[in-house]
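Chain naming follows the written order as A, B, C and D, and within any one chain the residues start at number 1.
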Amino acid sequence: MAILTLILGRLAKAVITLLAIVILNFFLIHAAPGDPAAVLAGETGAADEIYIQQLRERFGLDQPLHVQLGKYVWGVLHLDLGFSYRQQMPVLDLILDRLPATLLLTMTAFGVSLLLGVILGLAAAARVGKWTDSMITGMALLFYATPLYWVALMSVLLFSVQLEWLPAFGYETVGADYTGIQMVLDRLKHLVLPALTLGLFFMAVYLRMTRASLLEVSQMDFVKTARAKGLSENIIRRRHILRNALLPVVTLAGLQAGQLVGGAVLTETVFAWPGIGRLMFDSLAARDYNTLLGVFLVSAAMVIFFNIVTDIVYRLIDPRIGAGAAS
Amino acid sequence: MDTVLSIQNLTVSLPRGADRDHAVADISFDLKQGETLCVVGESGSGKSMTANALMGLLPDEVKVTGGKAIFEGDSLFDLPDTARQAIRGERIGMIFQEPMTALNPLMRVGAQIEEVFEAHNRFDPAERRKRALALIEEVGLPDPDKIIRAYPFQLSGGQRQRVMIATALALDPKILIADEPTTALDVTTQAQILNLIKRLQERHNMAVMFITHDFGVVAEIADQVVVMRYGEIVERGRAAKVLESPEHPYTRTLLNAVPSEDVPDATPLVQTPVLEVRNLHKIYVTGGGLMKPSRNVTAIDGVSFSLSKGEILGLVGESGSGKSTIGRSIVRLVTADSGQILLDGQDMNALDTQELRKARRRVQMVFQDPYASLNPRKKVLRAITEGPITQGVPPEQAKERALELLETVGLDRAAAERFPHEFSGGQRQRIGIARALAMDPEVIIADEAVSALDVSIQAQVLELLKDLRDRFSLSMLFITHDLRVAAQLCDRIAVLQKGRLVELGTVHEVFLTPQDDYTRSLLAAVPGASWGRVAV
Amino acid sequence: QQQGGRLDIVVQPEPPSLMLGLVNNGPTQLVAGDIYESLLRYDTDLNPQPSLAQSWEVSEDGLTYTFTLQEGVLWHDGESFTADDVVFSADVFLRETNPRLRVSLEYVDTITALDDHTVEFKLREPFGPFLGVFEAGTMPMVPKHIYEGTNYSENPANNTPIGTGPFKFEEWVKGSYIHLVKNEDYYLDGQPYLDEVYYRVVPDAASRAVAFENGEVDVLPGGSVENWDVPRLTEMEGVCSTGEGWEYFAPHALAWLNNREGPTASQEFRQAIMYAQDREFVRDVIWNGFGTVATGPISSKTNFYTDEVTQYDYDPEKARELIEASGYDGETVRILPLPYGETWQRWAEAMKQNLDEVGVNTEIVATDVAGWNQRLADWDFDIAYTYLYQYGDPALGVSRNYLASNIAKGSQWNNVEGYENPALDEKWAEAAVAVGADARQAIYTDIQKEIVEDVPVAWLLEIEFPTIYRCEIKDLVTTAIGVNDGLRDAYIEE
Amino acid sequence: MNFIKRYCQNRGAVLGLLILLVVVLIAIFAHVIFPQSPWRMVQRPFLPPFEVDGLLLGTDTLGRNVAAGLAYGARVSLIVGIVSTTVALLIGVPLGAVAGYYGGWVDEAAMRFTEFFQTIPSFALAIVLVAILQPTLYSITLAIAIVSWPPVTRLVRAEVLSLRQREFVEAAKLAGLSNGRILFGHILPNAASPIIVMASLMVATAILLESSLAFLGLGDPNIMSWGYMIGAARTVIRTAWWLSFIPGVAILLTVLALNLIGEGLNDTLNPRLARKGR
């Protein structure tokens, strides 16, 4: 019940936030120099004033900005994200086409980084001050400090070119028409490098957070109480420390999960991953306003979605919060 | 009686960089079956470290470096970790000071109790649950069926402490170690818990090692007393003997410092009210948002009183009764909903921001926490002079006055150039008082101004306050939950219950012939109330 | 010729659409060139070859062009292709949608279907290069039965393009690949030989090279990998490359110099720019030895080229003198690189360095494609890189950049630099309508000699885009348009 | 004194400081070490490192001195990092402070505003901002600042929220100090430690962000930066991998150093945490 009210409340807020984002982005993007008609004309290899004017009329770019905005917002309210003249298709279809690839990539990266981060964080915290700890935290620092795209380049160089273990780019073997298990394996093979590249940084973040949080929680009074009960260290760690320590990690993960979608631009470019990050970058260069706005909208919605999910997860883990709102 | 635990020459050493080399040095004492041993001493004297060493719960960097603890024929410190783990919870139980944080916030209360059985492989889950229920009942928690499924945050401090006790007693341990288990609780709750422990001790015939810094508590429950200072035992013996005729000078100072003299004679009052509070109301509204319902807490419910020139009015009551809220309303740190606060006839509630800033100098506050009430990044001089300078006093003059005041409160002039962290708690509280005095106030509100201090230091500060009142004929609203302190310092006492003023009278009236039931129960709950030195 | 097989070809960037009649940028043409056809193709010497027209005749006076169409040509949806489709495409559809063709169609009076298989173009006046416009990218045949009377740009058929070409559209996974399959009903018996073609979208140049190395793709059309990778790739076993297939376009790299204002308004300054640049270095280092240093407006690969013009060799001394003479006062000169990849970026950096060394203060302006378009359209630049296609004839692809009548904001292909020379304008016009190659050559030689003195723009390099492919692929590049319409004849030899 | 001593106990932090010091010195004296422009083509292209005297790290695709590029790139990275962090602090600190101190609708509005900015994926926003403003050193710095201030606001707000409950703040109120004086004179100085720690990490993040933008071609083309060097060398990664490797290592070391310093400061400035682990 409480959760339902929460969700409804958050959704109501989300709609307002999203509208605000749409409007801000609309002006932001239209403030950019360059005009989509000119870009499109540019690609035809020859164009003149008349042709560009035709294009502008076709895109509705000849209308005053507030009229364009009004139309756009009206459309968005009806789940119509407009038409991409650059790609000759409705923006929503375009995004839905690309979204699965992005979700596959980001969610894998997210899952792997969270899992590895927490496990390694646990391992490090369990051996504080020993060399294992130093090694793990050192490695985390290294990943934390490395530019993502550089890791991508270097790993392609190593794993695809030198060792030829993994495909260098793309998200499937094109035209192989694999089915069933083969398809899954094929996808997985393509996924390894981009997901790792994207995930390593976040893994480092979770690792450090988990470790710090574990160390902090293990100083808390209730841990001492648990010891006084005669519980084994194992149970104390698992039952008392871990759950409490994961609370901040959950918060952070929720924040990151949404951001990942937008943050995949670099990875998707380097690995030719057909997701919306790349779509965004391409649309930006072409001043494909509608597509760009659509991508922004979708990624913002994603952030909000994950925030809500985080809140719910948090509530499930932490009884204090849910009850606080209910009473 | 049998000795269950014998501590011989225990030494616990601290890591480099700590206050001193040893938390505990070469101490010995015995714990006998069915007896309560109280360990008293000021903060940092090594009480907790002793207990933790016995439990095997010392922090990593703190080590037992000498001595033995013989428990049931075994030397505890020589046992392997697993064996010590087996003893914890089953043979020796422990309760801690802070009930708010001692329970895992994410686990149901019942599960936390049942865990003890699990840890020692006792019973099947159904039986564990039954026993947990029985324990909850035994420690006097209401509605056990509900409590067992509750989360810690749903319980009050006293209730949580009962859960802790239930946990500690689950396996009928031979020894119960309690490290200041009632310090964080208010008097009535404290009395209940002390009672409970006493009762259970008798029923289970345990040995109890009770750590406290409160001699009232000692008087209430102790059979044996150990007095500690700087990690050493300075005195040890039967409770009655130590309390009645202490041998060691330190014990004597401690006991003298306990604010327990006879209720002082009422000083004749000059009947010129400086401060008048009329029909004050304050309701806190919390929570509340777009969809959430708000929660109302009535903190002050129609309180009226007046404060005469040179008078010290004590404001007592349980935790949450609204004492601080009244104090803070007077200085407008909290804005009351209705009612008047007249300072020499001027209504503080009616002032606008500018006027208020001017008027504020007339009422100053001395805060509870000497650590939190001074800005750690500002020198003492700045802390004292900032107010006067803001009010328009020339800096030179303000500085001169600040130096004088430092001397007045018993500090060196050189103290002005130091940072707060370079002072002890008692010294900081003096700085806080000097800061309040620097504004030349007519009224001082002291909100639990001595509660955070050790008894001996407490006594000094109280002495200082009295002295200042006499010298500057200050009026003072002294807020405290400690009735002994109130008895010693105040001229009149106001008793507060749930935001309402239930009794107001001279110290004699209130302490000797209390009118209100609540006042009576409050007085009865003071630990060691029957102890001869207290005049109630 | 062996039947069957699959080719994977890189396409970069991903085409916005495959409807060649609406969009005819490079990537679209690369893919759609296999779906759509025009009446003619051109061999590497730019001679017309039969395509949808099996034969053609030009009248003596050069005013009437009559085409006889192939028999039995079907659209991909099964309808017959007839002369009506030609008339519709050229006269109705493309007139509206293709601004470049529109210019040539100005010379055309009427287009008529004499019967189902004969089409006649009647011109108002002779137009020398007219036989050069029947190329698939310029004049693709579009199905009348689908487009007539519709809103062309929003016709849903644009997403499933229907042409007459050797391959049919099968699937387009956006951001990943475009899949074409063999047109079983193609009018040439037994052709095409290949079963299917995948055009692969790989946005990163380095990844494209890796893809070729790994065998993921078989063909790298010109320009799809950075020049530095070319030698490495071509040195691999079983890999062939060719510079052919670009004759029709003959990409000519040049830098627009703003003739209207700023230091570049001075002729001496512009000449100085020519002397200051080490174009050989650029060719050898940045273009890795590919290409030829340009000597003037017309590419040596096209007809009517002459090298009897002033040669601007690398000569910083002379550049300095000229700059001195121009009265240059240290103003910052903005260089706008072409936002099409690292090569062009490096080139701008090299030019900046060259100019800095002869005492010109420069600044590179960063823009993306849209910003670059905008600045060119607004004439907001001092020096701006570009490269232009010559379309087989100076009248189609060269004169447009120097005629005063072509000074208009809003386009990147007209007289962007703002060069005005009435005397030359007349000669350009004369050369376009002169009858006979010799007569035209004479005028063009004249023009080149004169214009090279003026340096209205800085000619840089005749770009060579080698096509890299696996040697077992045969007949991949057989025409002047290269891979773009090469798959009709291509086959794989085991 | 005590502070320095405590800091120096952390070996990683000292190492970080040393690395950063070297980078800073190189950045400051770039024009002394390499008097010629880093864009100047000085030798044959693609000279590998350690092959030719005077060109320690070889030459790049156009024959420019890689070592000179690194030195001048250090300048850009540090300037972008420091300036954008400063700007982000200038936005984030006052906003967070005011939100935390005044609470109520001020807080609500400030937090909604911050949340709003956090809802737009930050890297995407940075890209769009740079594209809109056209890439110059200023626009890049500004864009990075704009995407990095929200966490500062949150941190400062949280700190102020807890500090304003402290009794010394109430004491200051009773002394008649104005809200501004209390906020900026008493509260913020006490929040300085976590802000400083965060700032050191933000500089690191900003350097990474700048290099990512440059890598995507959104760098200022007149300025030699590490991201530019990697981006430019990417096309020749197969033939001259060291051209992308070397600047990558430079970024890695600098960012690592800043992180180590951040951790060191954290341990030193927050003694509560100091004892934990390590």
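Following the convention adopted for this analysis, a residue touches a chain if its C-beta (ideal position, glycine included) is under 8 Å from a C-beta of that chain, and two chains touch if they have at least 3 such contacts.
In UniProt terms, the chains line up like this: A, D = ABC transporter permease; B = ABC transporter ATP-binding protein.
A quick note: this is a predicted structure, and the numbers were derived from the prediction, not measured.
Visitor: Farthest chain from subunit C, going by mean C-alpha coordinates, please.
Guide: B
Visitor: In angstrom, rounded to a whole number, how far apart do the mean CA points of subunit A (ABC transporter permease) and subunit C lie?
Guide: Roughly 40 Å, centre to centre.
Visitor: Taking the mean of the C-alpha atoms as each chain's centre, how many Å separate subunit C from subunit D (ABC transporter permease)?
Guide: 45
Visitor: Centroid from C-alpha atoms only, then distance subunit A (ABC transporter permease) to subunit B, rounded to Å. What do you get?
Guide: One centre to the other, that is 50 Å.
Visitor: With chain centres taken as the means of their Cα atoms, state the distance from subunit B to subunit C in Å.
Guide: Here subunit B and subunit C have centroids separated by 88 Å.
Visitor: Which subunit D (ABC transporter permease) residues sit where two or more other chains touch them?
Guide: 131, 134, 234, 237-238
Visitor: Going by the contact rule already set, what residues in subunit A (ABC transporter permease) reach two or more other chains?
Guide: 32-33, 153, 161, 269, 284-285
Visitor: What pairs of chains are touching here?
Guide: All touching pairs, sorted by chain label, are A-B, A-C, A-D, B-D, C-D.
Visitor: Would you tell me which residues of subunit B are touching subunit D (ABC transporter permease) in their complex?
Guide: So the residues of subunit B touching subunit D (ABC transporter permease) come out as 61, 328, 331, 333, 357-358, 360-361, 363-365, 367-369, 372-378, 383, 386-387, 390-391, 432, 435, 439.
Visitor: Under the touch definition given earlier, write down the residues of subunit C that touch subunit D (ABC transporter permease) in their complex.
Guide: Touching subunit D (ABC transporter permease) from subunit C are residues 204-206, 209-210, 226, 228-229, 232, 281, 285-286, 337, 339, 342-343, 345-346, 348-350, 352-353, 356, 363-368, 371.
Visitor: What residues of subunit C sit close enough to touch subunit A (ABC transporter permease) in their complex?
Guide: 6, 8, 13-14, 16-17, 19, 23-26, 28, 98-100, 103, 137, 153, 158-159, 173-177, 179, 196, 198, 200-204, 206-207, 210-211, 213-214, 216, 339, 367-371, 373-375, 377, 389, 408-414
Visitor: In the complex, go through subunit A (ABC transporter permease) and note every residue touching subunit C.
Guide: Against subunit C, the touching part of subunit A (ABC transporter permease) is residues 32-36, 38-52, 58, 85-89, 94, 97-98, 101, 153, 156, 160-161, 164, 167-172, 174-175, 269-272, 274-275, 278-279, 282, 284-287.
Visitor: Write out the stretch or stretches of subunit D (ABC transporter permease) touching subunit C in their complex.
Guide: On the subunit D (ABC transporter permease) side, the touching residues are 37, 39-41, 45, 61-63, 131, 134-136, 217-222, 231-232, 234-239.
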